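Each remark here refers to the structure printed beneath this line.
Chains: A, B, C, D and E, in written order; residue numbering restarts at 1 for each.
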Amino acid sequence: MAIEFKPSPSLPPPSNAVGATAWIKNNLFSSPLNIFLTVFSLYIVYLLVPPAIQWAFIDATWSGESKAACTAGGACWAFVASYFDQFMYGLYPSAEYWRINLAAIMLVVLVGMFAIKAVNKMLLSIAIIVVYPVVAYFLFAGGIFGLEIVETSLWGGLFLTTLLGIVGIVASLPLGVVLALGRRSNMPIVKSVCVVFIETVRAVPLITILFMASVMIPLFLPDGLNFNKLLRVLIGITLFSAAYMAEVIRGGLQAIPKGQYEAADAMGLTYWQSMILVILPQALKLVIPGIVNTFIGLFKDTTLVYIVGMFDLLGRIQSATHDANWLGTTAEGYAFAGFIYWVICFGMSRYSMAVERKLDTGHKRN
Amino acid sequence: MSENIKSNTSFLNDAGNRALLFQAVLLVVVLAVGYYLFHNLQANLQTQGISTGFAFLNEPAGFPILIHLIEYTEAGTYGRAFLVALINTILISLMGIVLATIIGVIMGLARLSQNWLVARLATVYIETLRNLPLLLQMFFWYFAVLAALPHPRDSIVFGDFFLNKRGIYSPNPIFEDGFGVVIFGFLATIVASIGLVIWAKKRQTRTGLWFPAYWSSLGIIVIGTIAFYFLAGSPITFDLPEASRFNVKGGMVLVPEFVAVLVALSTYTGAFIAEIVRAGILSVSWGQTEAARSLGMRDSITQRLIVLPQALRVIIPPLTSQYLNLAKNSSLGAAIAYPELVAVVMGTTLNQTGQAIETIGLCMLVYGTLSLSISFFMNWYNKKMSLIER
Amino acid sequence: MTDKNMALAQLEQGEKAIIEFNDVNKWYGDFHVLKNIDFSVKKGERIVVCGPSGSGKSTMTRCINRLEEHQKGSILVDGIEMNDNLKNIETIRKDVGMVFQHFNLFPHLTILENLTLAPIWVRKTPKKEAEEMAMHYLERVKIANQALKYPGQLSGGQQQRVAIARGLCMRPRIMLFDEPTSALDPEMIKEVLDVMVQLADEGMTMVCVTHEMGFAKTVADRVVFMDAGEIVEANTPHEFFDNPQHDRTQLFLSQILNH
Amino acid sequence: ATLDDVKAKGFIQCGVSTGVPGFSNADNKGTWSGIDVDACRAVSAAIFGDADKVKYTPLSAKERFTALQSGEIDILSRNTTWTYTRDTSLGLDFTTTNFYDGQGFMVRKDLGVESAMDLDGATVCTEQGTTTELNMADFFRKHSMDYVPVVVQKADEALSAYASGRCDVYTTDKSGLAAHRSKLSDPNQHMILPETISKEPLGPVVRHGDNQWKDIATWALFVQINAEEMGITSKNVAKIKKESTDPGIRRLLGAEGNMGESLGLSSDWAYNIIAEVGNYGEVFERNVGPNTPVGLPRGVNNLWTEGGVLYAPPVR
Amino acid sequence: MTDKNMALAQLEQGEKAIIEFNDVNKWYGDFHVLKNIDFSVKKGERIVVCGPSGSGKSTMTRCINRLEEHQKGSILVDGIEMNDNLKNIETIRKDVGMVFQHFNLFPHLTILENLTLAPIWVRKTPKKEAEEMAMHYLERVKIANQALKYPGQLSGGQQQRVAIARGLCMRPRIMLFDEPTSALDPEMIKEVLDVMVQLADEGMTMVCVTHEMGFAKTVADRVVFMDAGEIVEANTPHEFFDNPQHDRTQLFLSQILNH
């Protein structure tokens, strides 16, 4: 009768198909063109990497009082070391550094608490979005509880960079949501106001907006009413990124199936209820990667405040390189700045990719 | 039955009325804020005695501009200076776009390369440049790399080319009388090669054989033009750069400000374009390649006729927005002494004349126009190229 | 008065109508999608609507809770006229539950949250109470054990049952169903229909767009057949299936029953 | 009015440079010093009796006028040249000159250049948005010389471009040259050419239209010059106020009459200026004098009685 | 020699084989996907390949025109061996047409351009001639009137017929089909199968992966059943369906026919 079917055993692939040699052959030397490319790439690596390592590590000087101490011919990290505090905190008085550190630690702890299941997310969000900024502001600026007042003009370095980035993104998110909703509205005036705003802002370079914020806003205010330059720049940055954010969020809103809107309507939810309870939570989740990308862009763009006379991380480094004691250390300064910006931006982009992947699997069954 | 109808429609409960009212309020608020700002502006300008208007554009500027493609002297007007700056912006944008595209395509393809090493190197390039602020990169090229170049007296000499801190010097061609002949020759070869392409198409329809018309045309144009050049008696002489007391003198010079902005813009944008190119190519499903292969098409033809045309549809829209970004980012040139729009108009002109509203407005207008025209192009292109579906 | 209107008129005698279409017309742009719909549903009545694709079934149903606006004629639900008045719309939507073809559960909320959302925010029910009620309805559709899962974790049939429970949680007086089973695999169709039959048995007023003729035969008080935006025929299931009046109806039935 | 605003907020917002040693420069603790800084401090002393009620806004040349116009700062004291256009069309008022300067050129010694007339074909670095930019253009045009202008955003970047060899020449006001030279790693390798190609009267600037505020800023400086002329210093001012019988001195120091009233200030406003900030000579010596790294001679910035041009109207 | 090989050997006597698998093995990484495939197809023969998902049917078929590389054994098509030699691959690909599950038409080209592309560029046919031939084949698959439309404008069934016509335009000696109907709606399956039956009737050598057992019974000369990378059984349709030799085949058939 029927013959029983036993699958033949799987054999390991022949040695020329797997393993290191096969890999090298397939990936590096599979054709004459590839051989050429491999050799060429190796040559480039040879040209770039060993000298870079030599410069950055082997021949580097790590401590010293001025450029004169750097005699080894390599990188003069002593420059970065001696200016390190300024790069981090700007001209913030060194006795008060703890205030910035404390605020930073608080933020990390608060955000970290999201991972803990037992914590009430609602309260935590309120703590982060409402309470924390107030606390942080008074910590930074001082003026109460006997904290010494620190002028915003002294704020600088990575501290200022981070501040601009975080405030910019947090403030632009709600504004972006409103603009995005407005742009999708079927009320013609609301829609055109939003479209005009979004498109105008996106059409011009950030530098012009910063310029407006730093020199023009006061001209538009009544005599005597005036506010801090940092605040004006923050407003400029926020409006700028809100326009970009609006477009990202609009993408998310468009991706929500029409059925969701209809189901919410059919249940009798009002417009704002259905937006806040049903649509936005889904839309925002969808566009987290886009939001992170906007943030990365914004974070890089905060360097432009240097052009309007604020000293963020890059600005502090740039002006430190003009110090007579350290002339000729520009490369080290930029390398250091590059390292910090790269770690943060690259880290965030990887994070957003991870989130994307996680959300991808989290939504599907079968 | 009509007694059932509850006519409790108070004004505010009517959806249509609500929308109208809300919009009216918004309009009023926007106008009021606009008017308020405008009013303050006027009041402020008046109390401070600042004159308004664009009359200043006709006044002599009095300041020099490092790079000017059109005739410009210190005696020129602010209007002229504005024009010079605008041209500088356009120049750097166009050159940046060309270079960035070349870099982007090469790096995008390299990242897709089967060669592991090449793909890795491209990845490193892309991930490094994309994640660093552009301003930092400009500073790096201008302040760090520049400082490493030799002093003019120790220039790196390469025939008639010089390289030093002050820039790259090359012979400057001067066109003499007979040059019209060369131009004529150039046009003639172009006409000839168009003819060749048409002939090749016809021949294919007849016999089926392909003729490498594009390569041959290129050959005809290059060789033909060179031939005409010598026939006309070499009507170009060169103004050669030579070392002098301070600088290398004469010749044509690419100043470091220009080079730094160009390199920074194009390598930075190139990294973004590389990702767009890669995504575009990956968006063409592998099935397309397999289908082409199973029809016996060679990989080179497959790429050219199947993959590239489809990838381009995906690539062009984000590519245009990168071009737009590049044009906007060229404004950062202001930070390293490249005399583009922001530097000349919002920098020097604003400072010499104090016309903040006018100068900033002018700049925004230029960028706005630029963006608008690019998005018009985009919409047109999308409409033209979108795949026809049912 | 045509035949069908007479039949309707007969049926409408006696009890008061809870849904009334008076000469309703609707256009999408230039496209006349509902033509002179004149029709009413009494309290406790169970209506099945069928007809070829594109005939306006969904559109008509969605007019009942004003997911779509009509442009001519009037629709009265529970005596309240549908117009731009937001108050009216709100009142009616509270009273009308709706189940969609594609369930339209909110994927970011758990099953329980899906069910309690509207009671809490629209009816202002205390959360506790809303949850108890939700559990009650989940039990009725036999998936109380899934209350804390997310919609994405359930099968299609389970999701549709949740959608029905969600509709019920507002304690509506009318339930609308728009092809509730057509996106489901055959095995799942039955479990959903069972729930619907049970609902019908309890006397809920129902308007149900469906092509499940078995269901129509079992529970419908009337079957409404639409084509090209018109109600062609409305009759008891018995009459409808065994003695269709119009040739168009006959053709449709022959297609659908042979399938 | 600005005075009321300033009194209300309790400090003066003073626009200064981003760092010119001797004029306005912050040390690494963020403390500002320099002639221009002292001009603001003098105003503060006059109003508040305390020279330290000043907050500083570092400004690039490009930003300075807008910052003043917009009200972001109350007074601009940032080696700003007094010119016709600036005074008449920018909505600004110059108070008076606190430093008489002129534009010059700095070159590397090893170039072997002795005079500005040798600069044909040179590359010149300067800061954007200054009169320097225009003077330089005029100078080279006048003498039909060729040059390559490199106009950099900020003063210290221009200096750094010069130091790195991008330019042969660095041009700005001579005082600024001296100050900047002191910032270079090897000041002795550089020299300032003898030519002075322009008149550069530098002084504090205020907004147009507020005469009272302008008067305060103007007279704060005149008081310092008069004090030097009268031999009053920060050290002896207390003693002189008590002991002097000279009616002019007594009026100045508020021991007699009420000279402050017309300015809206207290009667001891001038006394406070001298006590807190010192007379002009002290300010000069402290910030840019021969014993400082900047090392400028008094030159024209001396009293008229000493052969200079400082001639302040009398206080009476 | 196993039973199945004997059966094959018997069938293979007589005419010369146009496709020959000799002990072919293939791995994806460590995964052994084809095991000792030993099999040949004669000129004009029509082979249907079936088997459970993941059994290697597609992989085997794609080895025939080297869309996949094998690592051990040899494959000869029309007497030419498949190896790294690009010339050989090109020659063979010209002679082997392939139709995919997802059609893989070129969406940016019209139907006519889809059909003439390869003849013009690969076979160097004059354009005029290529177009005439294309229209001929389009007529054969009954969609000549759509020649100037784009693929996106056609239904799935129409697209698949275009894909077949595109394959035929190269005048191949062998046609491979990889589940040509499995992405289609039921009504469309028939129109595609009709075209394939017609092709078979004209004597084209065909290797067809499909689960349309009706098609297999009508046209196949042999049915090949694969599982776990092996050919379990290969036999005439009659024998295969009525008298399967292996229990694995029986199991598979019982599943697929009950469906």
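Note that a contact is a pair of C-beta atoms (placed from the backbone, for glycine too) under 8 Å apart; a residue touches a chain by one contact, two chains touch by 3 or more.
Just so we're clear, the structure is a prediction, and the values are computed from it rather than from any experiment.
Which chains, if any, touch subunit B and subunit C both?
A
Identify the chains adjacent to both subunit C and subunit D in the sense defined at the top.
A, B
When you take the mean of every protein CA atom shown, which chain's own CA mean is nearest to it?
Here the chain at the core of the arrangement is A.
What's the chain with its C-alpha centre farthest out from subunit E?
It is D.
Could you see whether A-B or B-D has the larger number of C-beta contact pairs?
Per the contact counts, A-B leads.
Through what angle, between 0 and 180°, must subunit C be rotated so its C-alpha atoms fit those of subunit E, rounded to a multiple of 5?
The two chains, subunit C and subunit E, differ by a rotation of 165 degrees.
Could you grab the centroid distance between subunit B and subunit E? Build each centroid from C-alpha atoms only and quote it in angstrom.
One centre to the other, that is 50 Å.
How many Å are there between the centre of subunit A and the centre of subunit D, using C-alpha atoms for each centre?
Taking the average C-alpha coordinate of subunit A and of subunit D, the gap between them is 42 Å.
Rounded to a whole Å, what is the gap between the Cα centroids of subunit D and subunit E?
Whole-Å distance between the two chain centres: 90.
Going by the touch rule set out above, which residues of subunit B reach two or more other chains?
44-45, 47, 143, 147, 334-335, 356
Using the touch rule from the top of the page, what residues of subunit A touch 2 or more other chains?
As it turns out, subunit A has residues touching two or more other chains at 215-216, 219, 223, 307, 318, 321, 328.
How do the chains pair up in terms of touching? List each pair.
All chain pairs meeting the touch criterion are A-B, A-C, A-D, A-E, B-C, B-D, B-E.
Flag every residue of subunit D that touches subunit A in the complex, lowest number first.
5, 18-19, 26, 28-30, 55-60, 63, 66-67, 69-72, 153, 156-157, 159-160, 163-164, 183-185
Can you name the residues of subunit B that touch subunit A in the complex?
Per the touch definition, subunit B meets subunit A at residues 19, 22-23, 26-27, 30, 37, 40-41, 43-45, 47, 113-118, 121, 127-128, 130-136, 139-140, 143-144, 147-148, 328-329, 331-332, 334-335, 342, 346, 356-357, 360, 363-364, 367-368, 370-372.
Can you list the residues on subunit B that touch subunit D in the complex?
Interface residues on the subunit B side: 44-45, 47-51, 62-66, 73-75, 143, 146-147, 151, 165-166, 244-247, 249, 255-257, 334-337, 339, 343, 347-348, 350-354, 356.
Sort out for me which residues of subunit D touch subunit B in the complex.
Per the touch definition, subunit D meets subunit B at residues 61-62, 65-66, 69-70, 85-86, 89-92, 111, 119, 121-123, 128-130, 133-134, 136-138, 141, 147-153, 160-161, 164-166, 168, 207-209.
Looking at the complex, which residues from subunit A come into contact with subunit D?
Interface residues on the subunit A side: 67, 86, 91, 93, 151, 153-154, 214-219, 223-224, 226, 229, 307-309, 318-319, 321-322, 324-325, 327-328.
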